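Please read through the structure below; I'll follow up with questions.
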Amino acid sequence: MKFCLVTAIVGVLLLGSPARAAGEYNTNATLIYYDAVSNQTLDPQEPQNNSSFAQGTLMAIYDALVFLNEAGDPQPGLAMSWDYNEDLTVFTMRIRPGVTFHDGTALDAAAVLKNLERSVSLGNRAGAATVETMSQIAAMELIGSDTIRIRLKSPSGQMPYLLGGQAGMMISPATLNESTFGVTIKPVGAGPYKVRSFESNVRTVTTRNDAYWGGIEGRPAGFEHHFVPEARARLNAVRSGQANLALIEPRQIGEARAAGFAVQINEKNSSWELHANFTRDTVGKLKVRQAIMHAIDRPALADALGGGASRATVQLFARSSPVYQEDLERLYPFDQARARALLAEAGYPNGVDVSWLLLNTNEYKQMGEAIQAMLGEVGIRVKFDVVDVSQYTAFRRPPQRGDLLMVRWGGRPDPLQTFQESSGSTAVPWGAAAPEIDQLIDQARALVPGDPKRLAVMHRLARVTTEHVSHMTLMTRSAVYAYKPGCVSNLPPYLATGNDRINDTKIGATCK
Amino acid sequence: MSAAIFPAPGTAAPAVPLPPPSSFFKRFCRNRTAMISAIILLLIVLTAIFAPYLAPHDPARSSLRNILKPPSAMYLLGSDDLGRDVLSRLIFASRLSLVASVQAVAIALALGLPLGLISGYAGGWADTVIMRCNDALMSFPALILAVVIVGLLGPSLTNAMTAIGLVYAPRIMRVVRGSTLSVREEVYIRAARALGCGDARIIAYHVLPNVTGPLVVQATVLMGQALLAEAGLSFLGLGTQPPQASWGAMLGTAFPYMAQSPVPTIASGLVISVTVLCFNLIGDGIRDSVGRMRRSGD
Amino acid sequence: MNTFRYITRRIISTVPMLVLVGLITFLLIHITPGDPAAVVAGENASLQAIEEARHRLGLDQPFLIQFWHWLWAVLHGDLGTSFTSGKPVTELIFDRLPITLSLTAGATLIGLLIAVPLGVFAATKRGSWLDRITIFGTSLGIAAPEFFIGLLLVLVVALEWGWLPATGYVPFAEDPVEWLARLTLPSVTLGLGVAAELARQVRGSMIDVLSRDYIQTARAKGLSTLSIIVKHGLKNAAIPVVTVLGLQVRRLLGGTVIVEQIFAMNGVGSLAVRAVFLRDLPVLLGVALTTAVVVLLVNLLVDMSYGYFDPKVRSA
Amino acid sequence: MAEPLLELRDLTVQFPSPNGWLTVVDKVSFSVGRNDIVCVVGESGSGKSVTMQAAVGLVQPKGGRVTGGSVRFDGKELVGMSNRDLNRVRGDEIGFIFQEPMSSLNPAYTVGEQIAEVVRRHRGASRADAWKRAVEMLDRVHIASAASRAREYPHQFSGGMRQRVMIAMAVACDPKLLIADEPSTALDVTIQARILELLRELQRESGMSVLFITHDLGVVADIARRVVVMYGAQVVESASADELFARPRHPYTAGLLAAMPQVALERGQDPVAIPGTVAQAHAWPGGCRFNPRCVYRQEGACTTVPVPLEPVAPGQDALVRCALAASLSDTLREAVAA
């Protein structure tokens, strides 16, 4: 129970965060955000929406039971407080009183229960993150009007993190019935913005929810999320005033600054990853993977292609994350001689041929060609197998095409989730790179998020996965925003997940 | 007037021999624009053949330390987004682009020629079936059809060129069918058939020579169009895939950096435009030369 | 009235054509790799989830039955629902058709506005410097890749001079002025290509018409040069020009894909490209059918115009 | 002698060709009086059509140019007149009929519209009046049910009917001069006669002068009051019709007469064609241009010095361009005598 006190104090801190005086914001302008990610539908549990990239719009509409602060620690959201029993098998949550959905229905424990039961009933029709959360729940019951007790199938301290993502997003029970899924959803949430219109894969237009429990002080009158795949078009929109905020690619930073725009780089727990198929006898060998790690000149890659928004790293976590360890960076310095030696030791004195399943976009192909050239210099001959989105998933599932696959890793609320999905044998079809990885994951599951012992296990996991090259991290990825100077503020880097919360973004008084 | 109409008795109408090919080239050479374009095209083909000797640097060698450099003594046309020399890549890319266009037009000919001959010569139900399928294909906008084929076959240059070949086959088919129909009605064809010539011989000796004129014109123009189509597909990411690079692919990768370093984009854009222009002008030149030859022939 | 019967006969004859288009698209999708069910099931969905998605979408039925179901639905005016967004295809297409049609119309209009005067002027002043420029300019216009022109326009007009917005589309109903402003640049980009092709045709057919005897009669009647060219010349030169125009409209319907992406406008072209990447069969079929219908309508209009321009055709 | 309606003096016209500018009309002079019917006769390539087209400025659009001489029409000098002013003369004061009726009417407009157009242009008539005038003109050229036929298109008319429409169009504004450039050549003989009859009738009624361009001496005999014979871009003889048929002064004219089937029949002889063909415009023979084909050719006189066009005898109107004109006059007369 001690834990519950701590969360309440920190919660107040977040809400009252020092903000500029109310007069400083233009509260009748609309935040028009040109994004590179689209929402297929507005159903948080629907597979397309389940990736961390699609959270921006959903968070603004639905809010979530748990918020995560800059350090990645769970904070009270729609749930006032929560706590575990001794052996972490029972998770009790108290719902924040006095909160209503956009259609006026009360957001009480019964509403939360109905949402969670719906997610469970979706089974594996739902997205991966929701399935992962619901699979841990054995039973749920109401206690009074504002508390829910959840019995877990096995000890797991991850619930606060999991309920910080799509699984924790609450939809008005009045609109929920058995058949609502995907496109038939009526997007009525309890978040700061109400939906006015939605066109799949094009735009979502919302207006401010003046009855929002978190207050409306300084918030813009509305928020529009536009999906524009072409990066050039996104920047042009901000330059010609059709949008006041645009997600741009790192290579456009120079151009944006030259045009007199403010460029904000939000470092995130997100990175470019190279995954190897361990069943292949070439990249399956640890020495070959280590050779690849040594063959890549990460600093040059980050400077040339990161555009100032990326830093070389071998870890899955940003510098500001508690799990980050400086000494791990020295494990794989850029050393072509070492790489050739490792290849020879692995039995490939005159080089090795590997196939690389490459997604068919400019960004991926640029990175791919740069790395291909580097690996080529040490004798690792890469051949590309270019595919589009529909065949991209063939790396993990049969027919398991390609030895290597490059991924834009989006980060997860709970560091443990990151290791589970990228290195643990639950998610990786060919098992973990080393048995110790699975043992450490199970150890961490039985620990509560705030517990220092859990952090120690995280550090150990980071070292082991890096030493055994279960993933080949290349460089960090940041969200890069462009907007007219002074026009957009309060865009906190939401460290835990790959996405940035647009909920609290405000528009400068002088801008329209 | 009377003297001219009724030639003096005793002299038979002079048989007008089909002009020898040399007169075709003489007429083509007199067409200045066509000649200039032919010379430029020849230069481009030569650069493609002797690319290794002409390119100042190795096109694939990237140096991430100097990306997007402006044109300088070292990089005559500047460096691209991975620090490779744009000029060398353009020179090597010419091989890929020209071969790709030839492949596309070859496929279009391989499909269009026989189908055109059959539907033009045989006529009847064969003609209607082929024409209906042809119309159905033609009702697809060319680019969408190409995107569908490449998107489904998987993005690669060969697939892109197969798609472009398929998309242009109906055009070749129409040209061939048109010429075949016009020849089939000629008297000398009926005369030949009356003499017992088999269809194959008739097609070979009578239809084909007459079809080659317009066919060569259409093929030349299509060579240019294939280059443009490949550039379009590459822009959508469906044309050439790394590490290969065609002109279209180079334009596609350079164009996002147009603001900081316009030279690579303008260079690749211009190279494509000039080559396609040469193909078009040569096509016009051939059509004029062939046109006049045929007219004075009959 | 035989023109009415002529139109109905033409429309009836398009039905088998549309079925053929549908069949060809179905065939194209089914003989090639890439699995729509996998896309719908999501990135790391389990095998079982994919099979369930395949059943839900009816993709596990044999090819012909799928085609028949689709055809039967189309005959009832229902183009089915999109795999990926679950929205009815008709709605998806009709949301975006105005964009592509506006672009096509804009480009055609600009094409005509440039091509007709240029072509006529070049034809009447043969061999003059203007004639040579037209020939060279049009050849270059045909040769340059469209998005290369579009890009230069955006860079200079929209961003450097800031005269016109660079991206986005605003429906006509919402704000006609903004609609026009947004359409200008992309229409000019596409329009230049159309103008190049058209100007060559206008010049060619005008030269031919001006050498005809009835033009000499018109001159002998003392008509003004303007009325000789416009009234007598253009009407007869129109038929080959209209044919080329019809071809250009068909090319534009699909060809706007790239310009749509540069100017961030969601037209039917981009919808089709996305549908290909996501193996969204109903959307692709819907787009194929719609473009085919529009193309056949355009062909019908072109043939009808022959009647207007050449009375001999009308009575045939 | 009142001032002639139309007077050509030394009109010279050139056309571009691969071997430079060619003179296709070389210093042609003749005149057409008022209420007069003149025929210009010559083989094709003699420049007869080009002469008249040049006179009214119809050759410039085809690349031709008038490089000398003058054309005075009704007190106005046409050579050098701006196209805008020429437009006011053409169609109003000078009507033109062409040789190819099949292609001389605009297929895209109704017959009535094309006639009404010239009336509206020159008479500033309203649309209704111009249409009424058009129907009236169709009636005048004997086209049955003119009102309904006016709404039909050229392709619905036969060759002969189209020529009638052309005539209606040419005379719609009551021109002072009608130039008929081989109007009946493309028609078969029966229709030819009726067209000539119509022209003669119109001429009588309106008193306009008609200038006939033809290669067929039968037409000349039938209709002409005065004749101008052209050969090799030059006028070789001009005289009254009767005088020309009775006493041709130029061997070429005699040859043409001898070749006429009707004349040969009267004399019970076969028509004798003139041997050889007219030379190319860029390769005129020296001296008299007819000498290579002239049976009476005399070396020196005919072959060296260019032969001038002179009156047949002092004070006579008739002119001839033949070095031996005086001595040949009797021999030629016997050659054609019945």
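Order of writing sets the labels: A, B, C and D. Residues in every chain begin at 1.
The working rule: a contact is a pair of C-beta atoms (placed from the backbone, for glycine too) under 8 Å apart; a residue touches a chain by one contact, two chains touch by 3 or more.
For clarity, every value in this text was computed on a predicted model and none was experimentally measured.
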Contacts common to chain B and chain D (chain labels): C
Chain whose Cα centroid lies at the greatest distance from that of chain D: A
Centrality ranking, top chain (CA atoms only): C
Distance from the mean Cα position of chain B to that of chain A, given in whole angstrom: 49
Inter-centroid spacing, chain D versus chain C (mean Cα positions, whole Å): 54
Whole-Å separation of chain centres (CA-atom averages), chain A against chain C: 41
Distance between the centres, which are taken as Cα means, of chain C and chain B, whole angstrom: 23
Set of chain A residues in contact with two or more other chains: 232, 388, 391
Touching two or more other chains - residue numbers and ranges from chain B: 151, 154, 259
Residues of chain C engaged with two or more neighbouring chains: 33-34, 261, 277
Sites on chain A touched by chain B in the complex: 231-232, 249, 251-252, 254-255, 258, 297, 300-301, 303-305, 358, 360-362, 365-366, 368-370, 372-373, 384, 386-388, 391
Residues of chain C defined as touching chain D within the complex: 210, 212-214, 216-225, 232, 235-236, 309-312
Interface residues, chain B side, partner chain A - complex: 60-62, 64-65, 67, 81-83, 151, 154-156, 237-238, 241-243, 252-253, 256-257, 259-260
Contact set on chain C toward chain A in their complex: 33-36, 38-49, 52, 82, 84-87, 92, 95, 154, 158-159, 162, 165-168, 261-264, 266, 274, 277-279
Of chain D, residues touching chain C in the complex: 56, 58, 61, 83-84, 86-92, 95-96, 98, 100, 103-109, 117-118, 121-122, 153, 155, 166, 169-170
